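The structures come next, written out as structure tokens.
Here come two complexes built around chain A, the first alongside chain B, the second alongside chain C.
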Partner chain A sequence: MTHRQKKMIAAVTVCSLAWGIAPAANAMHIMEGYLPVSYCIAWGVLSLPFLAAGLMKIRKTLDENRRALTLLAMSGAFIFVISSLKIPSVTGSCSHMTGTGLGAILFGPCTVSILGVIVLIFQAILLAHGGLTSLGANTFSMAVAGPFLSYGIYLLGRKCKLSRLMTVFLAAFLGNLFTYCVTSVQLALAFPSQAGGAAASAVKFLGVFAPTQLPLAVVEGLLTAAVVVCLEAYAKPELKSVGYLTEVQAYGKEA
Partner chain B sequence: MILIDRLCYFSRLRYVNAGEKTAFSVLTLLACILSRSAMIGLFVLAATGVLTVHKGGIPLARYIKLLAAPGAFLLLGTSAILINVSRTPLDAFALPAGPYYITGSFEGLMQGQRLLLTALASVSCLYFLALSTPMTDILAVLKKLHVPALVLELMLLIYRFIFVMLSLASDITVSQHARLGNFSLASSRKSFVAMVSSVFILSIRRSGEIFDALESRCYDGTLRVLPEDHPAKLSEIVGIAAFELLLYLAVIFLKQSGGAR
Partner chain C sequence: MEKKHKKLLVVLIIAAVLIAAVPFLALKGAEFGGSDDAGSAMAEQIHGEYEPWFTPVLESLIGGEIPGEIESLLFCVQTGIGVGIIAFFLGRLYERRKLGKDDAEL
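Here is the complex of A and B:
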């Protein structure tokens, strides 16, 4: 336990206590049958280019190194597992990470888009989180928008020479927050308010989900940062094998 | 471990042709969201309920509990649609709050009720598939639908690895608890971070070992598994076709007769 890690954990604790009542469930998967057909199709089509890019990226990786296949599969399972684990929070409540922020930082956003869509299918069928018709919308918010923003922030943080801890925290925190905003906008577009149209509706959805999602985003950011610190301390060869450590070394030289 | 996965292996409908089950649930699902009507919703809810509980042999209490699982989303999402904040009160109800009204309209209430039933019916379609068809059978159906082989291979491996990693995670959690790792909130956070990190490290190490094991058995990128073939029965096909025909006729009739009710 380094001093920094201790500080980290203290911060996590203070934060979770400050938020008091922690979230009830991961309510941000749009439920099966909730969106009208046209929206289901539209969001699906919007995510297709990203998925195609992801597939090509994975094919390329596999051509270079066939061993990456089991590694990719393990990564997918890892994202599923951390998104289904309960985060410890104040007694009697449970919440889940999205895991996409961590995934995007470790494996890159293109790869995560494909792994994300597979994880979403499994979550729909095995856990009834999300659904088949809302798969397109959920893919866009959780496997495309969130990871790409997380990764963008991560790169930006590196450019701006922020501390790595801060960068990872911001990437995971804002990625989670962005997922929540995109989902709210998706719902608002499908169900515009009678008083004030889609914009008013978006504000309502943001408001309704805020009590569960805001604390969750902070917790996810802090935990992701703590996990990355822990991994850098103990798992150098493993990080190298997923292609993360080369970045870190480059980053070390820059900083 | 994963409740739905465990239940579906015990379903009496497990050995019915997977293509049939998938076609039934996807077509019914589409009918639900195309019509967005309360009546179709209730009808589908009843039909899939009978099929899953009576034919499939899933305990009723379990089924109802599972149906309530997405309740949090349904409650929050639908309340956001029902309740408006505006300066002018709408027709159904209005609570004054300063210069604004917390208000809703009858149209909104109708929409909310339709949405509630449609979403529940759609979830029941999903459950019909999930509670009768193991993931490997669904993958076989996807293969027939020409999903890219790489994606299918990844799905198969991920499905296997999920259980490996879940048991890894639960073992670590159990031993952390045995050492009072969840003594305080601070220590449970610490334990959680340690657990996620070691699951990551162990899983990457294990993925290398698994690839070695596969390669020593001539692995070339596809795991070839003998498919279990359960041919579709004519009576089942006729039954499903009749049901869907009836359902879609009802959907068209409702659309024609002006506005889904």
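Here is the complex of A and C:
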């Protein structure tokens, strides 16, 4: 392992440790203190195995393949950029995107959990956005559920022989939407409505998030596709080394 | 980068910008508050008054809300970190292609 890799892994480890020590959980943009304690802990515990798997996966990837570091750093940076931009939407309120689709497509969902949780911690501590107590729940929606769906869509698109960029677009687009669906359900479970229970309140929360999020999900899909176009032009060896290009070429679309 | 890809890239970026810009220009007088806040408001509507049981670390540290200007500064820092990393690597990748060393490791 080279020096740089060691540093990278150390940084990732510190971040995840800091998260582990933090008293409770934080879900994608459920605000600090808004989830009851038991839910915070439950979502946190639920996310932990994915984070552990992610750490091991990152370590393994970098051990085997130094080229992957470039793409890993870029995927992480992409999440940083994308999730810092609050975009106005048709409903007259703002929201921001997740950016986790790119990493999920290139490295698989577990690796992205680690990248996502770093961003969530950054926002929870410095920006009072999301929160340390809701970190577990936010991690589950943004860094686990969303990436898993993205990855699933990506695999599916490949199987159905959709064009490469279309697949990337759909994966990022649906992953983003799914993140917010999960957030709605998380809020609904914690705040079941008196009339219809959790299901009724899930519909209400979805009503708040979905119309705002839909155009943003499209933007996320477009931007992810744009980055992939750049990477395909200039980073072919790296893409091959993480298995992205060979897989695609195997199904016979244009190289 | 091939011409076809360059065109595609421009189209993608313009489309993304338009989707963001059109609501902003079209919806006059909209507040554009955060949808996270809308979510919290909904929680209160469903559940009655809900007292958050934990305040963000930084807010309890400074004893109040983070001022808007500082918050946008911190968001910019986040964007800056990300863009810096992406631009750094993209620049190296671009230069590698230009020097004809496509197979060299970065």
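As a working rule, the second predicted complex is superposed on the first by the 178 of 255 C-alpha atoms of A that agree within 3 Å, B and C clash if a C-alpha of one lies under 4 Å from a C-alpha of the other, contacts with A are read in each partner's own complex, and residues count from 1 in each chain.
Simple rule for what comes next: a contact is a pair of C-beta atoms (placed from the backbone, for glycine too) under 8 Å apart; a residue touches a chain by one contact, two chains touch by 3 or more.
Remember, predicted model here, so these are calculated numbers, not experimental data.
Engineer: With both complexes overlaid on chain A, does A:Ile121 touch chain B (first), chain C (second), both or neither?
Structural biologist: A:Ile121 contacts chain B only, not chain C.
Engineer: So, does A:Ala199 touch the first partner chain B, the second partner chain C, both, or neither?
Structural biologist: neither
Engineer: Is A:Leu156 touching anything from chain B or chain C once the two structures are fitted on A? First, second, both or neither.
Structural biologist: It touches nothing on chain B or chain C.
Engineer: So in the superposed three-chain picture, is A:Gly131 touching just chain B, just chain C, both, or none of them (first/second/both/neither)?
Structural biologist: So A:Gly131 meets both chain B and chain C here.
Engineer: Between chain B and chain C, whom does A:Lys236 touch in the aligned arrangement: first, second, both, or neither?
Structural biologist: So A:Lys236 only meets chain C here.
Engineer: Considering only the touch criterion stated at the top, classify A:Glu32 as touching first (chain B), second (chain C), both, or neither.
Structural biologist: both
Engineer: Touch test for A:Met166: chain B only (first), chain C only (second), both, or neither?
Structural biologist: A:Met166: touches no partner chain.
Engineer: So, does A:Val218 touch the first partner chain B, the second partner chain C, both, or neither?
Structural biologist: In the superposed model, A:Val218 contacts chain C only, not chain B.
Engineer: Considering only the touch criterion stated at the top, classify A:Phe191 as touching first (chain B), second (chain C), both, or neither.
Structural biologist: both
Engineer: Which chain A residues contact chain B in one complex and chain C in the other?
Structural biologist: In chain A, residues 24, 29-34, 36-37, 66-67, 70, 73-74, 76-78, 80-82, 84-85, 87-90, 119, 122, 124-129, 131-133, 187, 191, 193-194, 201, 204-205, 208-209, 212, 223, 226-227, 230, 234-235, 238 are touched by chain B and also by chain C.
Engineer: What part of chain A is in contact with chain C in the complex they form?
Structural biologist: 24, 29-34, 36-37, 66-67, 70, 73-74, 76-95, 119, 122-129, 131-133, 165, 183, 187, 190-194, 201, 204-205, 208-209, 212-213, 215-216, 218-219, 222-223, 225-227, 229-230, 232-238
Engineer: For the complex, give me every residue of chain B touching chain A.
Structural biologist: Residues in contact with chain A: 2, 4-5, 26, 29-30, 32-34, 36, 66, 69-70, 72-74, 76-77, 79-81, 83-86, 88, 90, 103, 105, 107-108, 111, 115, 118-123, 125-127, 129-130, 135, 138, 148, 150-151, 153-155, 157-162, 164-166, 169, 182, 185-186, 188-194, 196-197, 199-201, 203-208, 210-211, 214, 221.
Engineer: Quick check on the complex: what are the chain A residues that touch chain B?
Structural biologist: Of all residues in chain A, those touching chain B are 9-10, 12-13, 16-17, 24-25, 27-37, 40, 55, 58-59, 62, 66-67, 69-74, 76-78, 80-82, 84-85, 87-90, 114-115, 118-119, 121-122, 124-129, 131-133, 187, 191, 193-196, 200-201, 204-205, 207-209, 212, 223, 226-227, 230-231, 234-235, 238, 241-242.
Engineer: Enumerate the contact residues on chain C facing chain A in the complex.
Structural biologist: 1-2, 5, 8-9, 12-13, 15-16, 19-20, 23-24, 27, 30-40, 42-43, 46-47, 50, 52-59, 65-66, 71, 74-79, 81-86, 89-90, 92-94, 96-97, 102-103, 105-106
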